[in-house]
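Sharing a structure with you now.
Chain nomenclature is as follows: A, B, C, D, E, F, G and H, assigned in order of appearance, with residue numbering initiated at 1 for each chain independently.
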Amino acid sequence: MKLLPGGIVKPKTTVANKTGAWRTFIPIYDEDKCKKCGICETFCPEDCISVDENEFRHPDYDFCKGCGICAEECPADAIEMKYEEKE
Amino acid sequence: MKLLPGGIVKPKTTVANKTGAWRTFIPIYDEDKCKKCGICETFCPEDCISVDENEFRHPDYDFCKGCGICAEECPADAIEMKYEEKE
Amino acid sequence: MMNEMQILEGSKAVALTVRSCRVDVISAYPITPQTHIVEDLAQMVADGETDAEYIKVESEFSALSALVGASAAGARTYSSTTSQGLALMFEVLFNASGMRLPIVMTTVNRSLSAPLSIWNDQQDSISVRDAGWIQLYAENNQETSDLLPIAYKVAEDKDILLPAMCCMDGFVLTHTFEPVEIPEQSLVDEFLPSYQPKYVLDPKNPLTFGAYADPSIYMEFRYQQHDAMLKAYEKFEEVAKEFEKVFGRKYDLVEEYKIEDAEIVLISMGSIVGTMKDAVDELRKGGEKVGILKIISYRPFPAEKIYEAIKDAKVVVVLEKDVSVGMEGGLLSDIKSFMYNREDRPPIVGFSVGLGGRDVTIGDIKGLVSKVKRAEAEEFEFLNLRREVL
Amino acid sequence: MMNEMQILEGSKAVALTVRSCRVDVISAYPITPQTHIVEDLAQMVADGETDAEYIKVESEFSALSALVGASAAGARTYSSTTSQGLALMFEVLFNASGMRLPIVMTTVNRSLSAPLSIWNDQQDSISVRDAGWIQLYAENNQETSDLLPIAYKVAEDKDILLPAMCCMDGFVLTHTFEPVEIPEQSLVDEFLPSYQPKYVLDPKNPLTFGAYADPSIYMEFRYQQHDAMLKAYEKFEEVAKEFEKVFGRKYDLVEEYKIEDAEIVLISMGSIVGTMKDAVDELRKGGEKVGILKIISYRPFPAEKIYEAIKDAKVVVVLEKDVSVGMEGGLLSDIKSFMYNREDRPPIVGFSVGLGGRDVTIGDIKGLVSKVKRAEAEEFEFLNLRREVL
Amino acid sequence: MSLFAQGHTACGGCGMPIAVKLVLGGSGENSIVVSPTGCLEVTSTRYPQSAWGVPWIHSLFENAAAVASGIETALKVKGKKANVLVIGGDGATVDIGIRALSGMFERGHNVTYVCYDNEAYMNTGVQRSGSTPYGASATTSPAGKLSFGEDKPKKDTPAIAAAHGIPYVATASVGYPKDIVKKVKKAQEIVGPKYIQILAPCPTGWRFDGSKTIKLAKLAVETALFPVYEIENGEITKVKKIKERKPVEEYLKLQGRFKHLFKENKDQIEVIQKMADANAEKFGLDG
Amino acid sequence: MSLFAQGHTACGGCGMPIAVKLVLGGSGENSIVVSPTGCLEVTSTRYPQSAWGVPWIHSLFENAAAVASGIETALKVKGKKANVLVIGGDGATVDIGIRALSGMFERGHNVTYVCYDNEAYMNTGVQRSGSTPYGASATTSPAGKLSFGEDKPKKDTPAIAAAHGIPYVATASVGYPKDIVKKVKKAQEIVGPKYIQILAPCPTGWRFDGSKTIKLAKLAVETALFPVYEIENGEITKVKKIKERKPVEEYLKLQGRFKHLFKENKDQIEVIQKMADANAEKFGLDG
Amino acid sequence: MIEIRFHGRGGQGAVTAAELLAVAAFNDGYYSQAFPAFGVERRGAPVLAFTRINDEKIRVRSQIYSPDYVIVQDSTLVKTVNVVEGLKEDGMVVINSNKDPKEFDIGREIRAIDATKISLDVIGRPIMNTTMLGAFAGATGVVSLESVKKAVENRFEGKLKERNVRAVEVAYEKIKEDAR
Amino acid sequence: MIEIRFHGRGGQGAVTAAELLAVAAFNDGYYSQAFPAFGVERRGAPVLAFTRINDEKIRVRSQIYSPDYVIVQDSTLVKTVNVVEGLKEDGMVVINSNKDPKEFDIGREIRAIDATKISLDVIGRPIMNTTMLGAFAGATGVVSLESVKKAVENRFEGKLKERNVRAVEVAYEKIKEDAR
């Protein structure tokens, strides 16, 4: 790739950077408990929680750093942080 | 005179600079009118008005620039600004 | 020709030319002796004589920073400063160049504090010679004007994209009334089309400007910038030719004066060259083979042209208004360094002259030449030092 | 010897040495990779381990400005910065030197934006080479420490009175743990007595500092400053001898490494010299007559010592971590310029290396030497450029 | 996906990207953002990658307000319209950048300046800033034998901004996301300089577990240590009332940066409580 | 002779040297003064002469507050005591020097910062500063076909200073000399940063006859365009009441810098009158 | 000269580990040098650190490209980073893992230790950098156990000091045991 | 080349006078140059300004040390400043004074005019810089009356324009008359 003068960069190109690998703990979502309130989504610093057709939330593990905010803030205790065995 | 490193200068050495020569108008003090209030002295930007033993004020013409503040502010109209014939 | 000329202050000539370059955004902070330029521009804005906006910043740091933003947003931009103001911009100078923004600035040349001095020398611009700015030096107020559209055209070229400063000696040029042919609007429009950058800050194409570079790539950005400056050498020549076509006035990176047969070549930049020309004429009358190489473009550095001009001289003398403390002048170093590995290289000596506004006369130049002829000049020295106070 | 040593981070070594120099006033602003130095100092202050006051300024501009005030009031002063911080200080750098205040600063070397880079090169300090500061460069953390008391002693000498920066490569030295013999307090006290300036801000002797100079006198102030820098050459030698007497470690303006019979002399400054030494040893094993001239003092410029060291070389190679955009490196220019009028002058080529933290290995040095030997090196080039992205 | 993309490299649990996505949510696509050096810039724009979905520019650490001034002016001359924002850290805003900021305020540029306040220089390793709160240990104002950490109260930057006579000043916290979006939207509708300071906890610098970011962002408000309010044309027009104000201890004890207060410097906790009480009083937070 | 000697080269009738001698009168011999670049520096310290009777130092235009911070700290370390003052112009204070000033305030240095306010950059030829009043014509905010001069209100620097939470802020005018001496004396007794802004008319820049300096210095106060007050620990503690408030016209018409208002821009005089009214209201000046 | 490269994640103390190893070697009477791969990495992101150990003064300043040893503090890194890059043919990897080292198919000698578990057990936190040093000492003999312990002792205070020293010992014994 | 030096006081418009003289010469078809002795002088302080007039382009930039003419706007300056310094032997001084020029014992030709009075009478203010130019043109013929008037016309507006032009004329006539 050739350098553009001054180092101009295309938008949203960090998506190539799979920060999911940084994770130690992983959030596990329990649809049975979920109230579809969207709080997890609002607070996720990685903005990596999407909504499916049934309004359930799903973290994108490619990017989720496992911070645990969603689990902490979920009013329904629908998210559990687990130590992730990645090997 | 040798330069001191950094250009250090002795205090109050501007007194060598006789700014009286700048004057176009000259303040003439009238002791008969003077109330000895000291207002002229307080306001003179050249700080060149002194007090004699009788508490009369005298401008130092070596420095007086002839601004006219003293004349303007004198509550007794004891000072008159005159065009100065210096030649 | 004479009747197309106006007689006016150098600062006014610059301000009028800036207007005719159809600058979009001006951002500047007042400082002696640059003030008249920006005051004239402010008055034009107040009178609706230009469409430019003038940002009345609170410091020179912000003056140039605002232009970084404006230029990235696609505006043609202008500033002017000098001395302490240029020094205060130092960090932004490198930044603007690294970001490859073709900002143009009139650098009025004045000495640097301490001690404070509002008078002319060229320490300010020469001390920022590393920063990646094109630097052009004017001898007279015709040049202070003409070099502006030339600077814009070189700077904005897609292969260059470097900021440029047009340097003019403080007071000596800014405050001098003399006849100048102000580039006419229609001709300027012909010569200098509006600025159409390829990449701008635009929500429709949301690019990121100024990403940082880790060790895997930083060096390449620096090289690119370095290379652009090298390319600006030929670009300047090309643009100067176009300028000549439109305006009839001829410029080059350097100007030679009575140099063909010269045994002593004097090199300098800026307004002092005028005085030197008169001195050379007088010396020539006395039979001395003296010539002048005037540097107009200090960056890009006109290396090959300098070489061609001085290779046959018996001795070369660089006169400049700066000193790298404990070393010598910047121009002297650049010239000697560039010539170092050449076979046919004349001896070169250098003088710091006119620091802090010390006047330089025709007599001074003649004295200096005679000192050099007598082989009494040191490799580098200060001209006209008052030894008695030291 | 080994058991008097400690192993610790370079930044810590510097901080401990600053403390042992009995600095009165510290003023600094954090910036990577200088942070550990000032954090260590802040902790010492918080723990009452030093009598110094630490002014937690809001910018580097104020950091140095505060020291201008403190130094004029008679305090021994210290700061540390790097890169953008040094650039931001630019105006104050000239000012502090012109005011002849012996402030000492650790300049951590880092590249300049744009593009932003927090990594090491020496563009920052080299680009302020005109400013009238003594500049010393350390190869390792023993030197980063030892050069501090030396710098104070030279700077504070009544014939010198110039500020000094001790330069250390960012990360490469600041963040490296290695064994260092920290100058012991009693020895430092012996070597470096307290600062007793002749003129200070004192109501009992109400002097005026920083008067401005008109054209009749400015040039003489500049010359005085220039002359002080020239004098610092011998002063450094003198002080280094005293240092050796007290601490047993020997310093000079330059250090020669395997240079006696060297046909190729490499010149550089800072931490890269360590890698170069290993490379030279390997090259020598292969029969190459290569040596190194390490510049410790870049300002004052060790002109004569450089001349002596390189005059018999077949070729000289300057490696440096900077570039004057469109020209070449500053050290290269200085050396070539200084040697220009000499008769016995070897060819000199230069390389910009390690810009923006690009790593330089033993292999790189060997490759560079072999390129020079094959006479394939250009007069000036960038080492290890990734051509594919250009 | 919002206008601030995934794959940025902020620490897990960082409050700053939460603030950024909310701010961009409020200002929308037609925005141009300027950021000074700091965690945001470093974690979002390492060449050749960028997290930004709107045009974004970085120049230096201390000049974002001036760069934004230039952009706004260029748009004006060119007859274009876009929301010009600065999003910068507290250090860039309240310390080294305050001259540029003050100038931008004074000149009346139509720019929304957002300061994400993580209360120290995080990018360089948690050195104090003017915005660091009293009692916090930072690397240049460390707790130590003679020191209980930062000994100056948090710089009141919103008050300084308001003293410039700008039309809109607000504070907010990532604990209250809708409030942020609302305030940014409101700011965009006002012509002139706007200043919004958003508390964005930093797990690394404050030393707490990243999952507690929102909790702390709320506690700072609930203890009245970080009052949330709006000032329009110099008048306080709205404050976020606190139902039951919590003792500052609840907030402090969760953070490593205040740990030392619970050992040698208990008296300082009372000082901090008084500061909270003063805030509550001044802004009428209780109730 | 006061501590500011004769032979300085300020224009005849300049208000600034009046302010300086009064300030030094208040602070006394045991003072150290820092001055930034400006009329004061240039008219008092041309090598090899100095008007100063106390130790004085100049470094640059924008760093006086930082230089003073360093001096104060050095004295502290050395165990010496002296009144450290800055005496600087409005440009040096409210524009280019405001970062250094803000930093000095925040750090709490024991320094009295005196701004002599002549409402423009006089030394360089009457360019606008942040302190230039609305409607004044200055060389970079000139009256012109499309312009009535400066179009931004005077920067409220005392309010900005007060927002920093410093213990003492005051305004004064050379029209009231005793007030200046009193305020400086008071400031010296308070530990911490003090800010005093003194109106000092400039006959050259405001374009009036030098004899009218005191008259104008009083009129500015009597019209409520330059309110005189003290703020202690954030509270307004004292204001100079105005017996019979004068219409702003009386003040404006004496000055060349406002001359254009009496031609094409009469409406702007009303705007200025409203500003004065607002000041009177805000500070309770009338009565 | 012995060259060691550390792979870890931001926040795991890889840089501290490299420094402590240098200190330990220094304690053993060697010259040593430790430094990070300077970067802007945040917590969780992959990071590198380096240590050199030598009989003579160390002058070279480049990064380490052909290490003799690689210490991997986080086995998940193996997936995203080529941890054996440049590792000498006869070099060795010491990895933090509860798996059988044979499962890592990396073409070099490899020794595994469940340092996270040991750290959790002994120190009470999953910070395993000191533990890994104990394991490294045990597996390689490059530095002595005593010197590692001394280095760790000087770095920590109070309870953490004891526990870290203990973790070093445990790991040292464990990896020696495993080798038997 | 003709070189003229102006002596005045800050605020008296010496710089403007030098400029107007250059403009007048330009109007007459010459090349010309005008510049101040750059300084920081305030109102009332002695100041200098310079004008050069030539048939060819003027290149020299130094100050003027050997003027052909000296114009003294304020006769009080004679006491403190050596106004004839460097003045050519055959040079001339034009001074603003109501005295008989013979009273000035300065060893050069001198012409006096009471410019202050003329200015007060004609312009209504004691600003005598344009008046002095009229006198200079009359006394020396270096520039034409017409060109001086044109220069002054272009510089001023409204009433000031007329009055200044008139002052130029009056002074021109007066000094010519005196010479008769």
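Operating definition for what follows: a residue touches a chain if its C-beta (ideal position, glycine included) is under 8 Å from a C-beta of that chain, and two chains touch if they have at least 3 such contacts.
Protein identities per chain, from UniProt: A, B = Pyruvate synthase; C, D = Pyruvate synthase subunit PorA; E, F = Pyruvate synthase subunit beta; G, H = Pyruvate synthase subunit PorC.
Source: prediction; values computed, not measured.
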Distance-maximising chain from subunit E - centres being C-alpha averages = H
Which pairing of chains accounts for the highest number of C-beta contacts?
-> C-D
Euclidean distance of C-alpha centroids - subunit F vs subunit G, Å = 63
Once you find the CA centre of subunit B (Pyruvate synthase) and the CA centre of subunit F, what distance in Å lies between them?
-> 24
Cα centroid separation between subunit A (Pyruvate synthase) and subunit B (Pyruvate synthase), in whole Å?
-> 79
In whole angstrom, how far does the Cα centroid of subunit E sit from the Cα centroid of subunit F?
-> 33
If you look at subunit F, which of its residues touch at least two other chains?
-> 9-12, 14, 41-42, 45-50, 52-54, 58-60, 62, 95-96, 98-99, 102-103, 106-107, 123, 130, 203
Where subunit B (Pyruvate synthase) touches two or more other chains simultaneously, the residues are 1, 3, 6-7, 9-11, 19, 22-23, 65
Multi-partner residues of subunit G (each touching 2 or more other chains) = 40, 43-45
Could you please specify the touching residues of subunit G with respect to subunit A (Pyruvate synthase) in the complex?
-> 9, 43-46, 75-76, 78-80, 97, 99, 126
Sites on subunit E touched by subunit C in the complex = 29-32, 34, 41-42, 45-50, 52-60, 62-63, 65-78, 82, 99-100, 102-103, 106-107
Per the touch rule, the subunit C residues reaching subunit D in their complex are 84, 87-88, 90-91, 94-99, 111-119, 123, 126-127, 129-132, 210-227, 229-230, 232, 299-301, 322-328, 330, 332-334, 336-337, 339-341, 345, 347-349, 352, 355-359, 379, 382, 384-386, 389-390
Using the touch rule from the top, collect the residues of subunit D that touch subunit A (Pyruvate synthase) in their complex.
-> 114-115, 389-390
Listed in rising order, subunit A (Pyruvate synthase) residues that touch subunit C in their complex are 3-11
